[in-house]
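A, B, C and D are the chain letters, set down in written order, and residue numbers restart from 1 in every chain.
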Amino acid sequence: MPDWLATLLISLLKAVLVVLGLLTTFAYMTLIERRLLGRMQLRPGPNRVGPMGLLQPAADAIKSIFKEDLTVTLADKLVYTLAPIVAIGMALTAFGGLPAGPAGSLFGENPWVYNLDTGILALLALTSMGVYGIFLGGWASGSKYPILGGLRSSAQMISYELGMGLSLLGLLMIVGTTSFHGIVGWQAQNGPMILFQSLGFVLFLISSFAETNRTPFDLPEAEQEIVAGYLTEYSAIKWALFQMAEYVNMITASAVMSTLFFGGWKGPQFLNALIPGISDWPLIWLIVKIAFFLFLFIWVRATLPRLRYDQLMRFGWKLVLPLALANTMLTAAFLAFRGSGGLWFLGVLSLAGVLALLVLSDRVRTLWNQPSIRPEGDIVRAGGD
Amino acid sequence: MGVLEIAKGMGVTLGKLFQKPVTVSYPEQRATLQPRFRGRHILTRHPGTNLEKCIGCSLCAAACPAYAIYVEAAENDPAAPVSPGERYAKVYEINMLRCIFCGMCEEACPTGAVVLGNEFEMADYRSRDFVYAKEDMLVGVTGSIPQRREATRLGKPVRLGFQLDGGQPRAELEGVKYP
Amino acid sequence: MMLAFILLGALAIVGGVITIAAKNAVHASLGLVGTLLCVAGLFATLNASFLAATQVIVYAGAVMVLFLFVIMLLNANQPVTERDPVPYVRELAGIGGTLLAGAFVVLAFTFKDPRPLAEGAEALRGGSALVMGETLLTRFLLPFEAVSILLLVAIVGAVALVQRPAAQPDGVPDELEEPVGAPQEERRQVPRGAAPALMQTRGAQDGEVRA
Amino acid sequence: MKVHVDGIEVELPAGTSAIDAVFSAGGDVPYFCAHKYLSPLGACRMCLVESGSPRKNPDGSFVMEGEGDAATPKIFWFPKPMASCTMQATEGMHIRTAKTSEVVAKAQAGMMEFTLLNHPLDCPTCDKGGACELQDRAFEYGYGASRFGFDRRHAEKHYPLSDFVILDQERCIHCKRCVRYFEEVPGQEVLDFIERGGHTFIDTEEGGLPTGFSGNITDICPVGALLDNVARFRGRNWEYDHTPTTCTLCPVGCSITVDARNGRLERIVAGENRDVNEAWICDAGRFGHPFASEERLTTPLVRNEDGALIPATWDEAITAINRGLLGLPLADLGLFVGADATLEEGAALAALADALNARHVDHFPRHSVFIAPTATLTDVATADAVVVLGADLGEEAPVLELRILEMLRGGLLPAEFAHGTAIADLRLVERPARRPERLAVIGGESRLWGHAGHRVSANGENALTRLAHPDTDDLKAVRALLDGAERPVLILGADALRGASGSAAALLADLASRTGAKVIAIPAGPNSNGLAALNLVPRTGGLGVDRLGEVPAAFISRLDPGMRAGGFTVVHDTHLTATAQLADVVLPAVTNYEKRGTVQNLEGRLLPLNPAAIQSGEAADLIRTLTALAEALGVKAPARGQRGAQTLLMGSVGVNTATVQVGGALHTFARTFVAPAAPHTPKLWTERMRSRDRDWVERIHDLVEGGWTLPVAPAAPQPGGDD
């Protein structure tokens, strides 16, 4: 077997493993989320299928697959089918570039599917393509609510994509590379990035919630307002694919946050003193970190109510984007004029920014919580967003 | 402090995660109902004579906003009276599909004969099975029509899926016992 | 590599054909998205991964989404069945196509050595952001800034265009205020040329602003 | 006469009672004992008002109040409230009701409390509940609470006064309406107060109430003391669908209200029609309704190959008729209808007969002669001499008997005001003097016999001849009564009309013109008068109902001659009668309680019928049935519904029955059709008061036997009982 073929096959195998892993995680994420939400709402949650409800995902899957797949008469059949595939495809592809351990640690192979020099950019590119799934799904349904929902959600995702990208610029400036390996390596030497880019992390976290359409930014699925938005006309497996894409995006977002701000696949260095080499164990650390962020996602969903649409847009454009820009400027200024000062000072500055935001949060809220006053004549003819 | 309030809320939800759920796995475990819960009607009897309290006056039917009640009265047989007085309900039917459990019948009843009890498990398949006759509602009859049908099929006593908080039904439900 | 190049190139051409041939505007846009993605793939095969990612983020991820936005908002995805709104557009397209084909023919005959390309790739050194940024902000600083000023001008122009005219005292609605969702019949009464021109400028300006 | 009620001045005729003055002024006074057609008594004391009149000086001028021009006659108020139903309003009288007078309001509330003192809280079980005057007035005028905690009076609660009327002595409030009714209206002294004070109760003589008109006391009882035993516990008053219509069991055409519940006819109560039945109906009309809900035919029946009648659809029945009448000349089809059919139905049948050129057309029962009525029932009540010739009114027209008895007690009709019949007409007196000498009864013995001053036993056929030419002293006396009276009325019954011929009509006309008597000939059937105006008698070469057996094929509607036609027989009836059992096809019919239409009563008054909500399956009235019959015969139906039949009627007799009002209107048809008829004796009681399979009275008896001796108090004391 030639080398290139072996590499290809191994890459394919890894890809398949990643997909399977992600889908299994997705399946059980639905269960875990429902159970956790249930417990947070003082009820047991689904516990009927199998012991403790463990077979619930299987039941859901069977149901989704064998349900009647409805298609609306006015739907654009091709795009209607393509949309969920685009959504899940982009979601799954995005995860492959994230390293889960040191090179060669997975039975002698690298624990990642592909490695790009422009890792973060590629990831952003792929997630930005995920908009198409929602957008086209809404349009192709040939129905009013889906198109409203699709427009809303794509507007939301585009808006927050900017904040998300900008909030990473500071990080990239510090590290000087867009490769995940480089970032992880830098963090292994200098400490987790959260220490120096807490403001950037907060903004990235918020943008991630918005990008993955999770509460409190789950407007695309706002059932009360637009009857589930772009999902309205979808049923059966196509619906499940969208659902899958959302959860996979959530997992990816968790993994990205872990990798970029919390040291990625490496564990805390001080633990090496207890068990030598523990921080280099593959998979474990990444999974633990991902699990933490997934729990955070669920926890927030159990707590926060959904934003209003105008609040959401104002929040994105008036708070997240300017702050991300400010964070970029701050970091750039620091890097340009720091002289011999250590990075800790940047950390302090960033933390101060976060704290200032916390303290000012009530004042700042008017930025996004109150509709701006417009002249009467304009309001009458206000079009869509 | 807007963020602080969010944090407080997060704290609340996290705290609830470690509390015992208030809901129960209903069919296996019994739900705990407050005694004031308003479920399926009970036609009570006078405790001493065991005569039906219902005198067939139709006032419940008149008060019913959903037109769920149908009453047909008849003259008591003096040898074997059904109710004290001259009149009793020969036919007393409530359509549980129409009933909105508002309790107006209970309020209208001059003798306290019809009282909303605590049973609520009445799901069934055919709409005609939701018309509860007198013998389905008289005190002493435990369980709804489908529950009793199922119990007969299995040869077991009817199992009610609830218990009362405090164990005692309302005072109006004379002679009614719930597990 | 060659295989990937041929595949992506063919797909890009197919996407282009769809873009111009599709009756449905949304399908046409999707074809364009496909082409853009394939071009990004071509960049990637040339080791210009930064360029590829940027291509996807900016063009496929943002510009085309906004195109689609506009198409959906204007409900312009109905197949074009009437005669062309722009006069002589077919003739112009024919001339343009001929010129382009001629250019390609000239290019094909004069094409000799792939070395400049390889040199470019070498210069990019794997297309990392570092090299890219250095090049742009040192050698090509002036063009870079010029382009950004151009974008700024476009933004200002777009804002100026979007700004609605003040309501007339007599309450007569301005021609520009014609509702975008008006039925075809009504729109046809607008003097020929005015409405399509409006649509065109809107589509373009939106794309520019977000880009 | 000017009377001031609560400051409102009203102009009233002299002799008006104060209570009517109040009602004329638009005021309201509660009352229980007063009744429009009974004498005022002042028993319940609820109608208390304050009243005062001006007083005159010995010189004839009014005692004045005030100075100079502002002086007005001084009103001398009675020191205490007065019962307005027994007080005559006088010129210049001032009346204050509870609306303006605290004293009156307090007095009425106190009186209500007093009345309720011994009234049991039976309302939930009482059939009167919801339509009870005591309930309503207690709500409007009572205190709303009782101050008395002691045990109430206990008395007989299930006391059957007759098979039809049940008395609850506890509920009685001693208004004496029932007692006065029996004394004043049917003239039967059978019911009275016994004991005194709070112990007063009502009882009958031995043997209970006489049947005839006893049911009216259940209508007039203001509480639930006297109740209709047939409708006992059948439903509550608000559950009934009330349909005001006309009773068509006899030719009087009393106004009734049919109360149905769940598609069953449960109760009939009297309606008010001053011109016909005032407020009274007979027991046959009131209690003789169970047939309407018992064993009704609900689908057509078709005789199959085995000779059995099996249920079928109308389409199948039409096919069967079509097949059965195949080859029969249409003119040979006999069309026979009962005489309680409406005018519209008759018109439809006549039109179909015309269309078919049918010869054998008849309605039954009818007399051979048609004597147009010249007297109205009001004429009867206000006559000064009535001669009843050959009639058993109890079987033929019971309420006519009441009107004759009204004549005997002076012919006083209660006054009429803007607010309706006088509530307390002071001219009516309790136990009025009767004048039996004004009534002569010629013929067989009947209930009226006992009231008549002149009784001549004569068999019917030649009684008229004998009255025209009196041969005995008795008859001469009757003739003298007739000759001497100013407003005599001659009433001819079935006995006199049976087998009568044209010469009898001429004789009657001669007699009437000589004596100035107005005439009522009681028709044989409930609507015989009306149907006589339609060509529903055998035509040239045609046969009547009496020769049904010779008719080749027949359609028989609501008639039970007990035999079938010579050939194919279609019967349209409400029950599976003897005739229906012989028929080839039976079509279900509706009773007159379920019809819309018009009938004409014995005095020539057109009266409307309204359909009550009684369940009768696929039953159809005659008009729609004839449509089916026409379809089976392959001809176009002359009328397809009520509208079409009304148009037909308009065309044939020139009467627009669509405009007939509830009270009815007198009408004389220009043309009548007569033909020889079989003799017929109406039997209202023996025919109508019988269920098809079982003696109806016996059923009531069973009911009475089964539930009568229930002890008032159960073995154990009832907590919160309905005492």
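Here, a contact is a pair of C-beta atoms (placed from the backbone, for glycine too) under 8 Å apart; a residue touches a chain by one contact, two chains touch by 3 or more.
Just so you know, these numbers come straight off a predicted model, no measurement behind them.
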- Output for shared partners of subunit B and subunit C reads A
- Message: Using C-alpha centres only, name the chain that sits farthest from subunit C.
- Response: D
- Message: Suppose every chain is reduced to the average of its Cα atoms; which one is closest to the average of all protein Cα atoms?
- Response: B
- Between subunit A and subunit C, the Cα-mean centres are separated in Å by 29
- Centre-of-Cα separation between subunit D and subunit B, whole angstrom: 48
- Distance from subunit B to subunit A - Cα centre to Cα centre, in angstrom: 50
- Message: So the centre of each chain is just the mean of its C-alpha atoms; given that, what is the distance between subunit A and subunit D in Å?
- Response: 88
- Item | In subunit B, residues with contacts to at least two other chains | none
- Query: Based on which chains are in contact, what kind of graph results: line, ring, star, complete or other?
  - Reply: line
- Mind giving me all the chain pairs that touch? A-B, A-C, B-D
- subunit D-facing residues of subunit B, complex: 46-49, 51, 55-59, 61-62, 72-78, 81, 84-87, 110-112
- Message: Per the contact definition, I'd like the list of subunit A residues that touch subunit B in the complex.
- Response: 36, 38-44, 47, 299-300, 302-304, 357-359, 361-362, 364-365
- Note on the structure: The subunit A residues in contact with subunit C across the complex are 76, 79, 116-118, 121-122, 124-126, 128-129, 131-132, 135-136, 139, 147, 151, 154-155, 158, 161, 165, 172, 176-178, 377-378, 381, 383-384
- In the complex, subunit C residues that touch subunit A: 24, 26-27, 30, 33, 37, 40, 49-50, 52-54, 56-57, 60-62, 65-66, 68-69, 72-73, 77, 126-130, 164, 167, 177, 180, 210
- Task: Using the touch definition up top, name the residues of subunit B that touch subunit A in the complex.
- Result: 1-4, 6, 9-10, 12-14, 16-17, 19-25
